[in-house]
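Labels run A, B, C and D following the written order; every chain starts at residue 1.
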C-alpha cells in the first residue's frame, strides 16, 4: 500500500509530527532526580487544558475507561444512587460499569441522537430533596452519535435544585478539542484520554478532580488500588508516580500540551468548529444521508455520525473505504451498526485532510450503491472551508 | 549532555532499535477489519514467552501493578485468606494491595536478601488441611534486592500438601529474561510488564492465566470492571479489545516477541546469566561492597542490588553517577535507601554496556569516598565476559 | 499548524512509513566487515529497478545533478559534440551543464510542452555520417512541463542511422515510477535520484551505466575525481565506497527497493498511470485550466503541469494552497512562472491523497479568482479513481 | 544482537537524540516560500562553528570529499602549483585528488605519525619568491594517525614569507570538535563533513570560503558544475539551493548547530580534550601498545590511532571487538593496516561510553594474545575521567 493510510476515526487521532518526534526516544529512569521537575510541569499544564484552577488532574497508565473507574471507586460508596443517561454506546458502557461496580443507577435514557436530557435531570434532582442521588453523570460528547451535551446546563440544574451531588463528566472526546470549562461549570470528575484531543497514542487516562471530589475521596469506601487517588497524590506531590509511568507518552504529552496551550484553547475549539461545519455541509449535500445528531445545537464538533442512505449497508461503505481507498472511517456502533458511519474531525486535522475524507466517503458510498452526486459533498464542504480557513499570510498564527 | 544517557535501572530497560523503529508510526484504527488478525498473532506468541500451553495471556493498557490487581480481583473473593511473603519493596507492595482489596493476608516474611521461604510455605500449606488458604503469592524476582525465588519448589510444596490454592507469581522482572515455566510449574496467575524483559516502554501489563484460574474467575465475586477478564475474553476472542488498546506498544510488542522467540527463550536466559555473572564478579572485586542477595542459589540474573561500603551513602553514589557520568543506576528502595544501589542487567543489554555500568559505578563510588581499587571491578568482570561472550564468527547466532 | 502538510511537488516525494522507520537509526561503521554484504545486495537490486542486466548502477552521495555530471565527465572528452534538446527547465539545465563542462552542444530545441523531437534527432543522426556526435541526450520525463519523451524511439533512430553515439537519459522523475527499460532501450547512461520514485529523502544520485559506457570511461579524459567511475568500481567490487557513504539513506533504499520489487515494476507503473489519469480528469473539468503538455501521448504519469486560467497568477494559487491549505503544489519554473502550477502524482501516493490535492488546488484557484466550478475537479477525478482503484478485498495485492 | 552497537570510529559519529528526532520527518517542499528563511539561519549559524566572520560556508549534498573537490576546482587553474604534505591516508588521498584534477603538486611528505612539517613549508614558501605556489594545503586533523597539525603556524609561515598563496585546510575531523579558527588563522578554504563533529549522518559536505577565495573563484578556470560556487552563491542568497538539497539532513543540522552554539565552541573543544586525555591514559597503561602520533603537542583530541603490541594483528583486534563485543573500532588504514586500530572520541560522546570502548579494546586485545593487564586501561582512564568530568550539580551546564 502506498501513501498515507487516512485516519478519520474519532480516536485514536492523528499524531502531530512534533509529538511523534518527542516519542522517538530511548527509555529513561522514572526515578531520576530531575524527572520530578518534568512531571510537575506536565501536571500543572494539563490542568490548563481542563480549565481547572483548583483540584488536580491525575494521569493513569490506562485507557480513558480506567479513568472512568477511578472516578467512581474513589468518590462513591457501594450502593450509592447515581443519575445517568444512555444515548449512545459510550454513555451505555459507563452505566454498565457503574452497575458492575455496585452503584444504584437511576437511568434517564433518551433516543440515540439526543444529548443528555437536561430537563429530566433537573426534574429528578429537584424531586430528590433528601439527596439520595450522590452523583450525576453526563457524557459530554457521545462519540457514537456525534452529539454534544450541555454540561453548563446540568450544573445550572444542580445549583437550582441546591443539590450537592457530584458531577461526573465523560470528556474523552471533548476535552482538548471543544469548549470544556471544568472549573467554571463546576465539574467534579472529568475523564479524558490521550488518544483524542491530546493527539497522542492510546495509553494514558486523564482524570480531572475538583477539590470537592478530592474531599469525597477521603471517606469513599469502595475497594481500589491501582486507580486509587491516595497513592497518586502522595507521589505526584513529589513529582513521581506510584508505579512505573509511561514515560514515552509523557514526553509526547509535554509537546502536545505545548502545542495546545501555545495556540490557546479557544483557538483549538474554533478550529474544530470550522472543520466540523465543512464536514456537515458535505453530509447535507449527500442525497439520502443524514446526521444521527438531531438538533443542530448539539452537533458535535469532534465527530459526525452519518446515516447511510436507505438500502446502503454502512458496514460496506466503511469496508470499501478501508480496502479500496486506504481510509479508516468510524464504525456505526451497537444499534447504529450497518446504519451509520462516522467521520472524526478531531485532533490534529486540517481542511484538506477532511476533503480527502469526504472524497473517500463519497466514492465508497457510490461504490455501495448510494446515489450521492459525484463531487457534491466536496463542493459544499470546500466552499465552507474556503470561507472559514485562516490564511497564514494574514497575520493568523500558524500554530492555530 | 552528549552521548548516550546510560540506563541500568532494572526497568524500564533499553529498547532495541527494531522495537523503537516499530513504534515510530502513525496512529491506526483499532477497529480496522485486519487489526484482529494482528492481535491474534500477538496473543498466541506472548504465551510462548510465558511458556504457557493452555490458558491465556491478557494484555492490559496499564503498568504491571494493574495486572497484579486484575489477578486478585478476578479470581478471589473479599476476605479470602492468602499466603504471602515480604522480602523486598515489591513483595511488600503486593501484600499491601492484597490487604487494600480486602484479602486476609497471611504473612510469612523473611529478611530482605532472602527469597520466598519455601519451607515455611510448605509447612503452612501442610497445616492448612481445611484449605482456608485460597491463594499462594510469590514474587519470582524481587527487583529491590536482586533475589530470585524458587517457584518450582513452591509448586512442589502445594502438590505435596495436596493443596488446591491458586499460585500467583509476580514475574515482572523475570518473565522474558530468566527461566520461567508457567505451565510446567503450575503457575495460575503470572504478572509481567512491558518495560522489563519485553524491552518496551512502560504501558502494558501482562497477565498469564491458567485454565484453573480462568475457571475460578467465573465465580469470583470482587467488583471489577477495567481489569475484568470477562470483557477481555469476549473481545480477545474476536481479535479486539474492550477499550482502546495501546496500538503503538502492541506494534512494538510484535517485534519484541519476534526477537525473543527467534533467539529462543533458553538463549535469552543464558544471555542474562552471562551478563549477571560478569556484574557479580565486579561486585566481588570491589572492596567493601557486597550483594544484598545472600545465597548464590538465589542471585538474580536480571538485577544486582549492591551494598555500598560502610560510610558511603548509596544515594550519593547514584546521584554522582547520574549527574557526573550520565548513568542511571537503580535506587536502594525503602530500608535499602542510602545503603544499596542497583545495576540492572536485564533486557536488551550486552557486555560492553555493562563494562560502562561497572566503570560508572566504580568512578562514582570512588568519588563518594569508597576505597575500591580503580579498574578492579572492570578487571574481574571483563575476564568473565571474555570467557562467556559468544563470538558471532563462531557460528553463534547474532540474534542471541 | 495541524494535520499533514500535504506534499504534491514532483519530488521530494512522500516517504513510505517502512522507509521512514528504516532511516530512524543510529550511525554505523561503513567499514564494518558485514557492511559489504549489505551494499552488494543494494547494488544488485537497484539494477532491477533500472531494468539493467549488464553494466552497473552507481550510487553517489549527491543529488541527481551530480549523477548528470558523473555521466558526462566519465565518458566524454572536452569538446565532444553532443545532441541535446531543451523543452523545459531540467533539459535546459542539463544543456547548460554540458556547455560548462566543455562539450560542444548541438541544440535541437522544441516548445515547452513537447517531448524530445525524435524526428529531428533522427535526421541529424542520419546526417552525421562521420559520427561527430558522441552522445545523444534525452530528458525522459521533463518535470517542469509534465511531458514524457519516447526513449525507445530515440534508440530506434540511433540504430536506424547505425550511429554509435552514447545515449544519455535523465530519468530522475521517471525511473522507479513509469516505464523505463534501460537494457531493452539501449540506454547507456541513466540518471536518477533518491527523492522521486525511490521515495527517499534527497541525497543520493543514481547512475545506471551500460557496458558500452563503462568501456568508454576507460579512455575518456575529462578531469574528474569525486564522481569518477574508477574508484567507485574498485570499491563497489568489494562492497564498499571510496568515501563515506550516506548509510542512513542506504538503509532506507534497501526498504524502498524491497517495496518496489515486491510489488513489481509493472504494478508500480500501472499505479502511477491510474493516479495520473484521475488528476488529468480534474484538470479537464476545471474551466479555464489546461495541461502544459500538448499531446496525450506524452502526458507524464508522474507530474501534471497545469496552466492557471487567464488572469489568474499561478504563483498566487501556489502561495494560497501553501499558506491557507497546508498544501505544497509544484511551482511553474522559468517561463512557466506565474502561468502554471504542478501537481506531482509520483512516489508513495494514493487516490485519496490526490483527492486532497485536487480539492486544495480547486479551493486555491477559486480564492485567486478562477471560475472553476466547486467540486468539478473532484467529481471528474473521483469517478476515474472509483473505476480504476483496485480493491484489496478482490485478491489485489496490498503491496501494489 | 542486543543492546547498543558501540560506535567508536572517528566518523560517522554518534547522533544525539535531538538530532535523530529532528530527522524523523516527512519530506517537505524545498521551494516552499518559508524554506528560504530556514536556510538563511542555517547558513548564518554554521559560519559560527567555522569561526568565520566574512566569507561563506557552502553546504553540498555530498561527502567531505566533494567539498575537497569544490575547493580546488573553484579557486585554482589547471597546472597550478600547490604545496601539500602526506602523512596519513587522508592527506594522501587529497594529494591524489589534486593530481587527478591537474594540479602540479609539490609534496613535502613526512612520516605517518607526524603533523604537517611546518618548518619545511616555511622554507619552501620563503624560497618561492616568484609566488609559483598558488595554494598551500594542510590536513588539520589526520584521521588515519590521530595527529593534529598547527594551522596557525602555517599561516604565520605564509605571512612571514609575505606569500599570497591560498590556505586550504581539511578540517573534516576537526571542525566542530577541536579548536579551529578559520578567520583568525586566515584559512581560505576549510573542508568539513556532516558525519564528524556535526554529529549527523554522512551526506553533507561543508566548505568554508574566505573572501579572498571567493574573489579567486571569479577568475579560476577549471571546469566545474555540481560543485560550482557561482550557482550556489546565487541561490543561497535567496535562501535556496541550485538543486534539491538534502532537507532531512538540513533539519538535523539546524538542531546540531543549536547544540554546538548553545554549549559554545570552547566548551565543545574542552570536552573533546577531556575525553581524549582519558583515552590516551588507557593506551599508556596498555603494555605493548603505543600511539601512532609521536609528539604530545600533536596528539589529536578527536581520534587516537593505537599500535597493537608486537605480534598482535590489529585487524584481528578490530574483528573481535566487532563480532564478540558489538563494538566498532576504527581500522588501521593503508600502511597501518594490521598494525594499528583507532578509537574515535569525537562528536556526541561521554566518559562512560569511552570506558566501554576501552573495555572492549582491552578484552579484544587480550583475546588476540596481547598481554595487557585486565582493567589496566580502564583504571588509568577512569582516574582521568574522574578528575576532569564536570558534575552537572556544580553549576556546570548540562548542555556542555
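In this text, contacts are C-beta pairs under 8 Å (C-beta built on N, C-alpha and C of every residue); 3 or more make two chains touch, one makes a residue touch a chain.
Here the structure is a predicted model, which means the values were calculated and not measured.
Undergrad: Which chains, if any, touch subunit A and subunit B both?
TA: Chains touching both subunit A and subunit B: C, D.
Undergrad: What's the chain with its C-alpha centre farthest out from subunit D?
TA: Comparing chain centres, A lies farthest from subunit D.
Undergrad: For subunit A and subunit D, let me know how many angstrom lie between their CA-based centres, rounded off.
TA: 53
Undergrad: Taking the mean of the CA coordinates per chain, how far is subunit B from subunit D in Å?
TA: Taking the average C-alpha coordinate of subunit B and of subunit D, the gap between them is 45 Å.
Undergrad: What whole-Å value do you get for the distance between subunit C and subunit D if each is reduced to the mean of its CA atoms?
TA: Chain centroid spacing, subunit C to subunit D, equals 35 Å.
Undergrad: Residues of subunit C that touch two or more other chains: which are they?
TA: Where subunit C meets two or more other chains at a single residue, that happens at 4, 14, 20, 24, 26, 319, 323.
Undergrad: Residue numbers of subunit D touching subunit B in their complex, please.
TA: Within the complex, subunit D contacts subunit B at residues 1-4, 6, 14, 16, 24, 271, 319-320, 323-327, 347-353, 355-357, 359-360, 362-363, 366-367, 373-380, 382-383, 385-386, 389-393, 398-399.
Undergrad: Which bits of subunit A are touching subunit B when the two form their complex?
TA: 4-5, 7, 9, 11-15, 20, 23-24, 26-33, 60-66, 68-69, 78, 97, 100-102, 193, 195, 201-203, 222-228, 242-249, 319, 322-323, 328, 331
Undergrad: Per the contact definition, I'd like the list of subunit B residues that touch subunit C in the complex.
TA: 17, 20-22, 24-26
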